[in-house]
Amino acid sequence: MNSSINRRLKSWPGWALMLVVVVAFLAVGSTRSSGPQSPEDRVDDITQRIACPVCDGESVFESQNNSSRNIRNQVESLVRSNELSDDEILSFVDNRFEAELLLVPRASGLDALVWALPAAGFVLGMTGLIVAFRRWRADAAGLADPTDDDRALVDAALAADVDQDAGEGSGR
Amino acid sequence: MIAASLNSALGRGGLLLMLAASVIGALTIVLGVWQKDRRLLKQAPRYAWLAAAGSVLAVIMMQRALITRDYSIAYIQQVGSGDTPVLYNIAAMWSALEGSILLWGVTLAGFTGAVAWRFRKRSDDELVGWALMVMFVVTAFFAVLSFGPADAFQAGVPVAPDFNGPGPNPLLQNHILVLFHPPILYLGYVGFTVPFAFAIAALVTGRLGEGWLMETRRWALFSWAFLSIGILLGGWWSYEVLGWSGVWAWDPVENASLLPWLTGTAYIHSVLVQERRGMLRVWNLSLLISTFALTILGTFLTRSGVINSVHAFGDGPVGSWLLGGFVVIAVVSLALIAWRGDRLRSPGSIDSPLSREGAFLANNVLFTVFAFIVLLGTVFPLLVEALQDRRTVVGAPYFDRLSMPIGIVMLFLMAIAPVLPWRKASQELLSTRLFWPAWCGVGALVFSVAVGATGWAPLVAFGLGGFAAGAALRQIVLATRRQGWRGFVGRANGGMVVHLGVIMIAVALAASNSFTHSATLELDTDGVVEWGSHTFALDSVTVETNAAESERVLKANVLLDGEQVYSPAMTTYLNQGITVGTPSVRTGLAKDVYLTLEPGAEPGDSTAVIRVFVKPMILWLWIGGLIMAVGTLLAAFPGSKRRRATDAVSAPIAVGGPPIVRDSEQLVTSDPVDDE
Amino acid sequence: MTTSVDELTEPASTGGRSGGRLAPFIALGIAVALIGLVVLFIGADPDAPAPQGASPLLGKPAPEAVGELDDGTPFDLSRRKGSWVVLNFFQSSCIPCIAEHPELVEFVDQQAGLGAQGAEFYSVVTGDTRANVEAFFEREGGDWPAIYSDGDQITVAFGVAQVPETWIIDPRGVVQARFQGEVTAEVLSVTIQQIREGIR
């Protein structure tokens, strides 16, 4: 009795309800705004994307030295004047300092590789998995008629499993 | 002067002993195998103990030199100082290149000794012999590094008798974590040498069954745990010391520690497939070898000056040696795998992508791609410089952007995989087993929306975090119901505890990265400043100089929320003339308030400028780390009595056969469709 | 048991055989990637060339550097245009600084011999006191000016984290070279000569 309710709950109605709840809450959560972003938080966001000009590998946000502070102040005044978008501020800083200061590599030229290679790696990995599964499936199909060797193997494996279960059983 | 030369002489003597013992040990084993002389093989452990003793002697002499401030040694001139407090003076050993190589050496010699001890009764076994030989060779390599290119006991330029050194880098002497983070991280790095050595031994002897995997299971598990905890402690140190309020900056040095962790994590998952099904042999070997090679490569990257980083130290010949070591490892391993290719072909097949094996494979693809991304981003500036002679920087935003989707997919896998049976899962089985875990996820989502979280990425992360936690809890609950307290131990159950820790860390990272707010506040002693539901009142600006007059600490004492005074500070190390900001943090379960002092304040001022960061859930990073550690212990100590009971029964098929020990994954397969 | 498994895979492994076809290519790919990586590292290996440091400031106008000399006169780097300026960031208790000092003495002597063509040499005091610095020059020799700046501004502006460092600034006020760690008189004078002749 109890179990049949349980089972029915866990088939499609329960899951459908879950889907509705998830979609509703995700929609509410991701569309509602948490109020306008404060200038301070905007400055943090932007400075995290600018490299400190005189240190090794730190962002302006992280590093505590004077040139970083200068850039930070500059970004802050740009943000306060509220005329430029984040990207415009970044390109302004980029042009002003001539050196490569943007921590997000561009998606053009050689730099595009840094974006393309991970994507390629992921596709390659997934393709490899799919190919492997196809092949395993073909293998399994080829073995439809078990040979005597197969049977022996299965028996042995089963025997091992039974041993194992006996071992487990003591704990139960 | 006699004392001075004593430190250097005995230290070098220790290193020489370590070098000689490991070389002789390696030769003994090769000779023993060659002549099939068991007596020789049985002698090998003694050399391991000698090597360990030698390295310990070297470390003792280094510590003695540090304690006595023996400035006749160049390394002590570099990192020693009469003003360094006792504890940081101990840690000074690993605050620069030569000493950190020495620390690596002693850890490695310790592991070699431990392997020799653990397998002392089987030292005439060829597999153990070869594994020990690999350990000896690696130990000898680091002994040579310590002896030559990174000589910690080199004599320094003569200095005046009243000379006082600068002490270690100021960042390495103002937080207690510098005592723990490097040694624990090194335990992790170096620990992976053991499974690597057994992997090579298996390749050499051709005993490529699952035997060697079983032998090194716990070694790999513990190394992985130490590496995880070491990395987390590094993040903690960064948070407490560096003053930019973050735990992870995707700095090359941090990436170098993450790389072996990623491949190591992939390994401890995919190894289960091999233990269970005898498959993926080449893949597991490759993961182990990559893990070990990446520890060496990471050390090369950060210790050769090739890649610049705030955390990197040292350049010089040691870089070429490490690169050489990396090349040797890669070439030897590839050659061995190619040689044993025919024996490595795995029997059997994986039936369905929707199975435990399938989930592990997907996990492996993700971790490998992640490792590839981290390596690519780290070395990409070198590539651009080589091809176009142009400076680029690849920084945190790049890694953040790419790791976010990977993290989300990993959380999803963590939710699904624990309920998947081996072989094949039916849709019905999935829909019943995943039901309550999925509702946990929905609960987490609803809760986070209710407390005001916004943005789809963090919400998805929280929801999936809840889902994954539900799946992990389900396993633990079912197992404890069935087995009582034993439901917590064993690999599957302990592994789920580790998962819970990882989920906490993932959720905490998502929360703290997405919902941090900051402000720069000008405080003065007359008024109270309000910002984001907190109040700040400046009490005073004070200055303290320590007794040795080596540090001057300028503090702004700020009353936070009218409750307690926090004192963000600027510490000036007078010997080095370096000023370091020291944050002050109020930690809480829900959020941290992180205060730093901006420069410009003078003692006695009535005003000060501070920066405030409000960061949610930071504490859960450390709690998650603790739970991971506990989970690893639980996973590593299954009821050993239970195993012995099965030993006798399945002993005859021990060699090369299917694994004998399956811990309690068995439970998952035999999991009833529902539990009424 | 193992043997039976092995025998079994032989006839059945259509997949195994095609894996055999694929394996060499995968191995080749890995080998090529590894070789590429190692070549990259060897190329970037800093051991090989002179110990010159990289800095984003190289080729750029020098940052603002204002301070006071040991005799109390003000110093402003931007006013030194027209002559070569060598800045040596140092601290009296730093071991490499002590070690390189004789080389610096030699370099300053050489440059003095060149008259107006010679480079001006300054020690930029980094986190040290006047008394210590004066005692240092008393003990180790050399009598060129030392620059003190408030809060070590100059050191910060150049992004110097660890002394000693030596920087070369050309007569136009452009940063030309940075040396991290110890330098020798020869390296310094040869570098200046090379830049002058437009070799670099």
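The first chain written gets the first letter, and so on, giving A, B and C; residue counts start at 1 in each chain.
Quick note on the criterion: a contact is a pair of C-beta atoms (placed from the backbone, for glycine too) under 8 Å apart; a residue touches a chain by one contact, two chains touch by 3 or more.
Everything quoted here is computed from the prediction, not taken from an experiment.
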**OP:** Tell me which chain's centre, taken as the mean of its C-alpha atoms, is farthest from subunit B.
**Re:** C
**OP:** Tell me, please, which two chains come out on top when C-beta pairs in contact are counted per chain pair.
**Re:** A-B
Original post:
How many Å are there between the centre of subunit B and the centre of subunit C, using C-alpha atoms for each centre?
Top reply: 31
Original post:
Roughly how many whole angstrom separate the Cα centroids of subunit A and subunit B?
Top reply: 21
**OP:** Return the distance between the CA-based centres of subunit A and subunit C, expressed in whole Å.
**Re:** 38
Original post:
Do you know which subunit B residues sit against two or more other chains?
Top reply: 308, 310, 349, 383, 391, 653, 657
**OP:** Find every residue in subunit C that makes contact with two or more other chains and list them.
**Re:** 1, 5, 8, 13, 15, 19, 56, 161
Subject >> Numbers and ranges of subunit A residues touching at least 2 other chains >> reply: 55, 99, 135-136, 139, 156
Original post:
Which subunit B residues qualify as touching subunit C in the complex?
Top reply: 74, 77-78, 156-157, 159-160, 163-166, 209, 278, 300, 304-306, 308, 310, 315-317, 319-320, 323, 326-327, 330, 334, 338, 341, 345, 347, 349, 379, 382-383, 385-386, 391, 573-579, 599, 653, 655-657
**OP:** Within their complex, state which residues of subunit B touch subunit A.
**Re:** 242-244, 246, 249, 251-252, 307-310, 312, 349-351, 353, 358, 361-362, 365, 368-369, 372-373, 376-377, 380, 383-384, 387-388, 390-398, 401-402, 431-432, 435, 438-439, 442, 445-446, 448-449, 452-456, 459-460, 463, 482-483, 486, 516-520, 581, 639, 642-643, 645-646, 649-650, 653, 657-658, 660, 662, 664, 666-667, 670, 674, 676
Original post:
Touching subunit B in the complex: which residues of subunit C?
Top reply: 1-2, 5-6, 8-9, 13, 15-16, 19-20, 23, 27, 30-31, 34, 37-38, 40-47, 51, 54, 56, 91, 93-95, 98-99, 126-128, 139, 151-152, 155, 161
Original post:
For subunit A, which residues are in contact with subunit B within the complex?
Top reply: 2-3, 6-7, 9-11, 14-15, 18, 21-22, 25-26, 28-30, 32-34, 38, 40-41, 44, 48-49, 51, 55-59, 61-64, 99-105, 110-111, 113-114, 117-118, 121-122, 125-126, 128-129, 132-133, 135-137, 139-140, 156-157, 160, 163-168, 170-172
